[in-house]
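Shared between the two complexes below is subunit A, which has subunit B as its partner in the first and subunit C in the second.
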Partner chain A sequence: MNQSVYSSAGSYAETIVQLTHIMFVAAAVITLLVVVLTAIALFAKPSWKSKLSKERVVVWGGIAFPVVTLTILLIYGFMVLSMADLQIEEDESVQISVVGEQWWWRFTYTAEDGTTFETANELRIPTDKPIVLRLTSADVIHSFWIPAYGGKLDMIPGRENVMKIEVNKPGVYRGQCAEYCGGAHALMSMYSVAMPQEEFDAWLKSESADAASSADAKGKQIFLGNGCGSCHTIRGTTASGTIGPDLTHVGSRISLAAGTLRTSKENFAGWIANHKQIKPENKMPGYDYLSDVDVEQLATFLSELK
Partner chain B sequence: MPDIRGANVNASSALPNPAPRDPQEKEELLRIWASPPGWRLISDVNNRVIGLLYMGAALTFFVLAGILALVMRTQLAVPENSLVSQELYNQLFTVHGTTMMFLFAVPAVEALGVLLLPQMLAARDLPFPRLGAFAVWAYIIGGTVFFSTIFYDLAPQGGWFMYPPLTLSEYSPGNNADFWLLGIGFIEISAIAGAIEIIVGVLRTRPPGMSLDKLPVFAWAMLIFAGMIVVAFPAVILATMLLEIERSFGWVFFSAEHGGDPLLWQHLFWFFGHPEVYIIFLPAAGLVSMMVPTIARTPLVGHKLIVVALIATGFFSFGLWVHHMFTTGIPALSMAFFSAASMAVAIPSGVQIFSWIATLASSRQRIAFTPPALFILGMLFIFTVGGLTGVMVAMVPFDWQAHDTYFIVAHLHYVLIGGMVFPLFATYYYWAPMLSRRLLSERMGKWCFWLMFIGFNVAFLPMHVVGLAGMPRRVWTYGTESGFGIYNLVSTLGSYLIGIGVLIFIIDLVRNFRVGASGPVNPWKAGTLEWLPGDVYSTRSIPIVKSREPLWDQPGLTEEVERGQHYLPNAPTGGRETLITSPIEAKPQYVMQMPGPGWAHVVAAVLTAACFLLLTIKAVTIALVCGVGAIVACLVWVWELDKGPGAGPVDIGGGIKLPVYVPGSSGHSWWAMVIVMLVAGSLFFSYIFSYLYVWTVSPEYWPQGENQLPSLERGFTSALLFALAWLAFWASRKSLAQPGSKNPLTPLLVLGGVLLSVAGVGNEVHAYYQVGIDPTESTYAALVYMASVLNGQVILAVVIMGLFVVARHVAGKLDAVRCISLENTNLLAYYALAQALVSLLLIHGFPRGVLG
Partner chain C sequence: MTIELTAKRILITLIGLIGAAVVVALLIAYSGLYNIAASREHPAWLDWFLTVGMQESVKKNSSDVDVVPWELNRVLPLGAAHFQTGCAVCHGAPDIRINPVFDHMLPSPPPLSKHAADWKPPQLFWIIKHGFQFTGMPGWSGDGRDDEVWAVALFVDALPEMSEQEYVTLANGNAGSSESSALINHCSRCHGTQQAASTSPLVPRLGGQKPQYLLRSLQEYNDNVRQSGIMEPLVNDLEKADLAQLAQYYARLDEPAQSPPEFDGALLEEGRTLAEVGDRQKLIPACAQCHGAASSPDFPALDGQHYAYLRNQLILWSQGGRQETAHGKLMAFVSRNLSLDQMEAVSAWYATRPVASGASR
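On to the complex of A and B.
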């Protein structure tokens, strides 16, 4: 599922993996050293023990050794730290704004023609190009974390944090909110698709377009007739709410409800009927009064919003 | 006048008192120090009774919070489990963390201080027995109510760190968060009361001859522990005050849309929260440094280095708090600084670990693997691993990945369970014979150790892996596809093993722990004073100390002390008393008269707890009635304390005659009041930090020109009122009449000081109101009023104490000699007025002077 720190998709994440390996090995060696010294103190013959019983052991082992190793580690750490601050020219990068909300992600892209459009819970980016993510929050503190891209950064009300990344390996990566944000924090995930530039351009074009007009007008009527449009936007229809996620191309996304379910017609139906059980405390009103047929048609409509 | 430097102790000559002693002396000591029988034991204040109660309560909270952890582990054992609901799970981890930190770890350590310190120092009791008992009762009542909220869905669910805005009313309606804020705020006050007692106890109730270089390491650790509480806890008390005020009254401190900043909470919380880790660890390390020499039958190798390491850890720990905030987007330079500081703190820990290994190595015989020895060896391993993962997360880029994942859950449990719980269990097995007639079972102790050690590593080692595999903390469930399942299952099984280990310990405790004085004397052949034979009165006489391990280096000491040949073998004032010595060289200075059992402090504790808890559920009127009742009970309690010089001076042996009543800067209550001032000063310092911090975040809310700025004339008026109040308090001390007469001017001056102080605060608040400053509109405005809240609360204490002093005057209990009540009131008043004057400089001066 690629939510691992080790599934690095870029050179910076790879550097952190290296740092992790080095530190793990060093920590294991030091632990072993302490265990061996303790064993000597407990079981060795008196001549060994007496060598270990001097105050200079404390000075060398407890002061000199950590000072040297920690200084080396610290210098290495500063070098890795300075690599995080990518020098990026504004016009060469892709700028995406990300807003953390209880309990989903709002992404705003800029289309080719300079207009902006929204999508949700799925971050698509081109490979081999600097990406600038502008992170903010609409309510409480969240933390934006896609381990494969190398590290997390908090989304704090009243502040904008900027995360710069560059990804080399195309693929699908999973991310999850890392700062406890109340209620359904455990179910606030996302997918990120890193794709070559041409594919990304094509996606950007289709994603910025209005919804493909669905053949199933019945589901659309149910959607609009039950007030779904006061919270959700489907571009190209009268639904223009901004409280919940933009659903213009929801059928083309990998997951529903911020990484909670795989996208499928059945899961759309299940979500509409049971979302309070699937993702407790989520802010969508209950729709248990809809008939099975209505739910079915609504699910068909949504799953076809590609 | 007494010699404030203290009497010289002639260590080389004959023993201070001749033997045999009159057998009636011991009978009198037993009678004076006897606990009240039956249910009236509740009114007892003796450190053994109170310490056991304290430890019992802390252990109970440990078990309860541990059970919550087992419920959480069961929920996480398999993916997509539905055993526990999302809401309950969020409450469980909040209450687990909060209980372990605030209701178990800190109280357990303070309980050890109460139990062990007077014994290690051969003092009859800690210097403020009723304050200690008050703190314990307040903690037990407050803690029980807080914990029980988990049973009726009232428990907070904002995490033990309670970050706003999640914990503001908008996102956390209901009283749940208030239970955390008021309940924990209140328990912090109880911890501070304990810290005051510990500082004065360590510095002033040592036996003659125990200069600081001979102080047991545990006492050093407790001194630093208490000092850290005094500096660190006020920061979180201010944070909880600000958050509760924002929740209840809408003053804006943390809301970004009014110029506040959620990160202000994080700075205040972690300025407390990181030292908190060392507050928990240092005393445990001190205990290990006491047990290792006994186990090895040889003095600690590198004793001085250990003491320096403890002090260094205390200092470093205040420079680390930002490492909890590496992912908040703070500037690279401050990340580099805090990263380096976080690594530096590993050095003192290294010193201690190597010193323990060297001490074990210098043992001339084979180490016996008793339960205390096993728990210490287990601690060595677990704490080393936790320290090393700590160095890993101090590396900022690694922390960006590991932060808020199960890697951190693993790390913090390795540090806290390795650094505190294992030493605590070693302590239980090691020091139980000091209190119990029987040792705990060695066989069960070994079972307990191996189950806990293996269970711990099985539970927490896989968490490092699952964290780096991408599992965040504080999630109530995870998907099957995540692949986290197998690691979690193993962790859950390990946690059950820990549970069984703790259960075996409890069974052992029930079967073998019997409180009584006739236990084995010094079963481990240790060298420190707590292993002197004793009874309710502590030791029969107070020994002259000539080395760090007096029982090893002073042959015959045990018998001499028991025969009553050392100091104070009797009760010359006819009541409870202990020897007060000078802070550095421990020269006898005076005999302190101590209070015995009483009810007023119990009533005060119950009513204080009731006041806070009723405020939580917004029953304001009854809460205020309880609050007033609590104050009255406190006044009743202290009425009989300022006894005067009546019974002195008394002979303690060795030709030393000591007074029993000492006002001025060598008195114990003067010291306590100075520590109270440090606490209040630390709180106010946190406030100044908050003011300046918010200004750097949103300077646009600060007054431009005279708009929203209280007028300078009003500021000068306030300053004048505060200065006059200062003068009045100063003059009141001068006006005191000689014993036997009264000066009518004294109460007038005290009342004048009180009224002028109150008028100063009133004038300030009115000045803010007049220029239209509204605390619900901007954080600047809320901070302006907050200065008066902080000044007002100290001045309220001065008002109450001032009225108390007036009552003493009327009752004829106040004169130029018997003046401690007045002296302490004045000390606090001087502090309060100084703080008020500094706040004037900040509120009136900063916008004008700095901003122009």
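On to the complex of A and C.
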């Protein structure tokens, strides 16, 4: 579950890490050179000093060297950037639309039968397959960043930015919003699960299905009766709100509230009762009138939405 | 011998005079010389002084009150019924003599059938909202309910022109038109009965409402968390059993429908969309998820509710007037994002919905 820019989970991220290393090493060598030249200028014999003050030192060392070095670096940088575009044939890729909202992530997948469905705060992707992320925002500027996948891209209202990734190492990675987007920005994180194709296919199938919950669950009645469904969708029930995150399979996610809490029955209950303290300024209204028993039953219902 | 006028001398003299005035005032207070009795009139000079001070204060303080264009026929029944509950005991009414107890206050409360004509509506509004110090006139008991204050102010403004018969008809409303108890009759002065709809579309239709919601509302008035200068004083004296009885009565009541105004088709369509789908862009959830058939018994049913009442309450919510209760907070979250157009659209939509009959709930 790492969130380090030095550990890459895919080939593209690997080239970015490589670029980083090249830059660090080159910068270290150049810094060393400058220090040595400065030492010569200060402490060496007069004959060395006079050699250093020649015009060609400035021409070669101060003009030609930086121009050549930076040009090479620029071309290499462009190559790295374009790699992300070149390696992906669009029709063979998995297309996922991502909307940044204050303060969570809305993901829209396309199921096998071509219909789309929503999920939230957890990006599941197959490994060894090109992924196209279509990024936009519903309110203010956010920035999509899962360091292990390489690249960071702004999510801008009214505009679609496209990010292409390919991940080779299965695992769970953490990402977060990298552009200050208001009050709860620091708690706008997500987990991404990269899984082998067969596992991903199975997940896609179960995730696109309606919620599995018994119709007479007490918690379900509380959920529907108190209007939770006016902001949240639970497919397979009358809850069809689109303002907040889709909760159809919320019990199977790693985290609650965009990476704020670990998913557990206790945390569901804690969230419903104290979410204004846990994630200040989040847009969910308070439900202070719900009794402890109501909250308990609601938490049970939600945690069973696998 | 002449005394030279220097700044220092003038200052010392002034301080001396002020000090002397304070000493005299304290002497009057501590000696008990001034007779505070209300059983005799103020001396003429004091009466003049107090009257001028009061009149000028009202004029100055009410100068920035904006007149709200309420429709008179909507607010007069409300204002009249509240006047009868809260004001007539001191000020009298066309059919009620001032109670002798209150007639012996000093200053004695003016009979408003005569004296209301001394004031303009914004001044009446200010007086009813804020009351007077050193008299028995209280400020309005419902915080943030300027709408109610206007109802009473406009009624008081109309009072001098009103015949006794007109007043009695307005103030009694639907009372006596049903076979029920004194308690119910008290409520029927404004609210609907089996024979008649409520006296004003600003007064909610209660017939067929969910009993648990009705009880919650009454309890919130009683606990001074839902604000209303009209409802709170009425509910104040009631026992829990009375509240439960009222909730049950209105839940079962089959109140005749009040035909809603004609609405534009586009407005109704906008209202329907808001009610059923909401407005994701503006973070407005669909009303029907909380106010639909399957919703909690704590949430009111809205079908067939009066347009004017719904609109007025939404405005009140958006101005922060109903967010003291846990349920009110929830609705405050929704209403602050609604534009006035949207409030009107959704009020129109619910007003035109057929009301479910009382027994079926």
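The rule we apply is simple: the second predicted complex is superposed on the first by the 270 of 306 C-alpha atoms of A that agree within 3 Å, B and C clash if a C-alpha of one lies under 4 Å from a C-alpha of the other, contacts with A are read in each partner's own complex, and residues count from 1 in each chain.
Definition applied: a contact is a pair of C-beta atoms (placed from the backbone, for glycine too) under 8 Å apart; a residue touches a chain by one contact, two chains touch by 3 or more.
Computed from a predicted model, the values in this text were never measured in an experiment.
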| item | value |
| --- | --- |
| Contacts of A:L224 with subunit B and subunit C, given as first, second, both or neither | second |
| Which superposed partner A:W145 touches (first subunit B, second subunit C, both, neither) | first |
| First (subunit B), second (subunit C), both or neither touched by A:G183 | first |
| Contacts of A:A239 with subunit B and subunit C, given as first, second, both or neither | second |
| First (subunit B), second (subunit C), both or neither touched by A:S50 | first |
| Which of subunit B and subunit C A:K283 touches, first, second, both or neither | second |
| Touched partner set for A:V59, first subunit B, second subunit C, both or neither | first |
| Set of subunit A residues, in rising order, touched by both subunit B and subunit C | none |
| Residues on subunit C engaged by subunit A in the complex (per definition of touch) | 278, 280, 283-290, 294-296, 298-299, 326-327, 329-330, 333-334 |
| Interface residues, subunit A side, partner subunit B - complex | 1, 3-6, 15-16, 19-20, 23-24, 26-27, 30-31, 34-35, 37-38, 40-42, 46, 49-55, 57-59, 61-63, 65-67, 70, 73-74, 77-78, 80-82, 84-85, 102, 139-141, 143, 145, 147, 150-154, 156-159, 161-162, 174, 176-187, 280-281 |
| Complex contacts: residues of subunit A adjacent to subunit C | 222, 224-231, 238-243, 283, 285-289 |
| Touch list for subunit B against partner subunit A, complex | 85-87, 90, 157-159, 163, 165-166, 171-172, 255-257, 260-263, 301-302, 305, 309, 327-329, 332, 335-336, 339-340, 343-344, 346-347, 350-355, 357-364, 367, 377, 380-381, 384-385, 388-389, 391-392, 395-398, 400-405, 468-479, 481-483 |
